[in-house]
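Below is one structure, written out as structure tokens; the observations come after it.
Chains here go by letter, A, B, C, D, E and F, matching the order in which they are written, and residues are numbered from 1 within each.
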Amino acid sequence: MMVELNHFDAAGNAVMVDVSQKAPTMREATASGRIHVSAAVLAAIEQGSAAKGDVLGVARVAGIMAVKQTSSLIPLCHPLPIAKAGIEFVIEHESQSVLAACTVKVSGLTGVEMEALTGVSVALLTIYDMCKAIDKRMEITDIRLERKSGGKSGEFQR
Amino acid sequence: MMVELNHFDAAGNAVMVDVSQKAPTMREATASGRIHVSAAVLAAIEQGSAAKGDVLGVARVAGIMAVKQTSSLIPLCHPLPIAKAGIEFVIEHESQSVLAACTVKVSGLTGVEMEALTGVSVALLTIYDMCKAIDKRMEITDIRLERKSGGKSGEFQR
Amino acid sequence: MMVELNHFDAAGNAVMVDVSQKAPTMREATASGRIHVSAAVLAAIEQGSAAKGDVLGVARVAGIMAVKQTSSLIPLCHPLPIAKAGIEFVIEHESQSVLAACTVKVSGLTGVEMEALTGVSVALLTIYDMCKAIDKRMEITDIRLERKSGGKSGEFQR
Amino acid sequence: MMVELNHFDAAGNAVMVDVSQKAPTMREATASGRIHVSAAVLAAIEQGSAAKGDVLGVARVAGIMAVKQTSSLIPLCHPLPIAKAGIEFVIEHESQSVLAACTVKVSGLTGVEMEALTGVSVALLTIYDMCKAIDKRMEITDIRLERKSGGKSGEFQR
Amino acid sequence: MMVELNHFDAAGNAVMVDVSQKAPTMREATASGRIHVSAAVLAAIEQGSAAKGDVLGVARVAGIMAVKQTSSLIPLCHPLPIAKAGIEFVIEHESQSVLAACTVKVSGLTGVEMEALTGVSVALLTIYDMCKAIDKRMEITDIRLERKSGGKSGEFQR
Amino acid sequence: MMVELNHFDAAGNAVMVDVSQKAPTMREATASGRIHVSAAVLAAIEQGSAAKGDVLGVARVAGIMAVKQTSSLIPLCHPLPIAKAGIEFVIEHESQSVLAACTVKVSGLTGVEMEALTGVSVALLTIYDMCKAIDKRMEITDIRLERKSGGKSGEFQR
């Protein structure tokens, strides 16, 4: 089973795997995640988006900047010349949560799944940071890959 | 309600809040989170921990290093002279998941909740990265603050 | 005259000067700067601030994050535990420009003049980046220290 | 008018724009800027360049290193595989200032205007830092794009 | 002789040399280095590799992550899209030392010698850090390029 | 013996050790190292130091900046508010090498040995980078702690 863990060499040592023989292809990935918040936080976020105190605007910038730091944060991740990065938020009243989705594109040797997942994670952590004075019980959940395209493993749709 | 969102000034502009009048106190925070994985991934992780191909060892290093990058990632977070950072993992067979907990300590002007949450997040993202060749449906959930102590708001226990 | 350039030792070599014998004092600095833009850019910025496409919101986040990177960018600058950072913008129609002011506070061994100047610079560069598709002739001017307090050299007011 | 601000999507959200469909072309940009200093500072800088205490040498290294950090500092800037970066200084006695020019080249999907502007800005900030013990009234001005070539918008000459 | 120091222009100013006219070629470099340690440290390292307290595992992750930071650390180094990075350790009882070798690959415009040398250096510094409570007399030696291939200067074998 | 490796907890997991109970004390460390070069390189370096093409000036800036990045590079190193950093070089003709020494000071909870060692290492790597077009056989050796003061373990002199 260990042969499947391709981030280790035959001796079991961690390695940034060799992608030098791959040809660059167009790749895209979307990841999503969610933060559950109190009613007071949800109201504050909504109010801010409409006018002043734009929590989601700050979180979006943080997430996009984090996409570009992915290979510095994740030890065995390859640096990639990111060609696009965007983050969308949806405020969901029924589940009292904010849903985030991050889409990243690149023409490169490896995929951008980790970049999309990192962008979502840091965007949601930023929401936590900005609202934690109101509520410390917020919870970040459902961080997952929604879809990816390009590369040897091809299309993936959750 | 907006007055509670202390990361904005009176005009609604984002601001790194003034903590210069605070006295440094001993602060500690523990955050946790979880990644749900396939049976094959769980087996590979367990096998590696026992011998070669140590997924959790790499994820632990990534999480600890991320703790120190928190104020570079989260826009309005204060830089802090981190005094301790550690990450523990528990493999849970019944829920087919790995639970991560990150504890951070500092003697400083603000708390280390964000550092603990960031450490957990990056540790779990690293597990995702190292195992994604086997399974792309892994899901990161339940990222939350477990407890904190120190500072004006005092003790918090979830 | 060279003795005044305290970033060099007696042999003329660059050095991060020794501040270990200083006691930490409360320090604050405000720097300002300006970007001259076309009428079209000014209109786009104003429109965005009121509703969607918030150029100044993004520039503010960039500036605050840059404050925290100052000692990584300026070779002989000491790392400091920044206690506050904020950026204000004023749109000036008569001069067709945006004025930025960055205020930084710390209780530390050296002042935060460079942090305030770096915050202003990166905020203005971000405005340039976001508007350069409309106008490449924008010009950043008047970056200067407005005031500082604390430390051996005491109060400075321009 | 908002359609021209291409760093926002249709909903007005900041986005790192998609350049994945572009073909890489050779691009070059030169930006310049100036720092006005006191006579004492100018003398110290000139003396250092000739012998010991090389202010401009340190500022040049800082500027070149900052060119490579541009996409980490400017939120919506694409990371680029910089192929060349250089900074030239001219000491101007009549205007009592130091003029800096930064030239950057890349074969890439987007231009290097922001890299050149960032290199100039950090080089000038470094001069300020090294001379501020003599004079706090120095002023950084005239940061602007001098010329660029390559890419869809083609040649620009100020 | 100065013409050979290609990191300076005709005026003697440091410059990141222009590689924009080069075509990308496959390049690989291996660097090695060694840390001499006490018998107690060597025993602790060996014990850890076999079971718990994996000094070399942590050092390997640190070295691989440092490979990706090379162009941020070495002023005139070009950023490169690293395609592979790995670090191997050999414990040598006779010389009472740990030998490290770092291999890096890229398809790029310049070679990866500096990346391999930086990876080795940081891996060895990490071993020093983790063992310095036992022994402060450890010594890092023999950091050198073992071989490189690709690029205009072609094959090099020490 | 494992108890001595204080960067691991009882379960053998890597940890950034808890220094929160320590009181800050004045600490200083000096590390040194050496790069052996060809006669041609030594001549180029000497020539540059006297006039144009200042290899050692660039290497000094790189080393000082690296001192400030130590806790980002070495996984279990604590971030410290560095109070002083300087690097000295001695050109030695008999051994055909350049000797580097880096001294770092801090008032903090842990020592600055790793900062001094990292500063020396990156300064020497920068010399290698700038001279490698002339000679790829340069070798970095003798990186070691020369002395330290302050902290529980007190004075150390090699």
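Convention: contacts are C-beta pairs under 8 Å (C-beta built on N, C-alpha and C of every residue); 3 or more make two chains touch, one makes a residue touch a chain.
Everything numeric in this text was worked out from a predicted model, so none of it was measured.
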{"item": "Shared chain contacts [subunit A and subunit F, defined touch]", "value": "B, C, D, E"}
{"item": "Pair sharing more residue contacts (C-beta pairs) when B-E is set against A-E", "value": "A-E"}
{"item": "Identity of the chain that, by mean CA position, is farthest from subunit D", "value": "B"}
{"item": "Inter-chain centre distance, subunit C versus subunit F - centres from mean C-alpha coordinates, in Å", "value": "31"}
{"item": "Separation of subunit B from subunit D, taking each centre as the mean of its C-alpha atoms, in whole Å", "value": "36"}
{"item": "Residues of subunit D touching at least two other chains", "value": "13-14, 54, 57-58, 61-62, 65, 69, 72, 75-76, 79, 81"}
{"item": "Overall pattern in which the protein chains touch one another (line/ring/star/complete/other)", "value": "other"}
{"item": "Those chain pairs that satisfy the touch definition", "value": "A-B, A-C, A-D, A-E, B-C, B-E, B-F, C-D, C-F, D-E, D-F, E-F"}
{"item": "In the complex with subunit F, residue positions of subunit C that touch it", "value": "9, 13-20, 71-72, 75-76, 78-81, 108-109"}
{"item": "List of subunit E residues in touch with subunit F within their complex", "value": "1-2, 4-8, 11-14, 33, 40, 43-44, 47-48, 51-55, 58, 61-62, 65-66, 69, 72-77, 113-114, 117-118, 121-122, 125-126, 128-134, 136-145, 148, 156, 158"}
{"item": "Residues on subunit C engaged by subunit B in the complex (per definition of touch)", "value": "26, 57, 60-61, 64-65, 67-69, 79, 81-88, 105-107"}
{"item": "Residue numbers on subunit B that touch subunit E, as the complex places them", "value": "54, 57-58, 61-62, 65"}
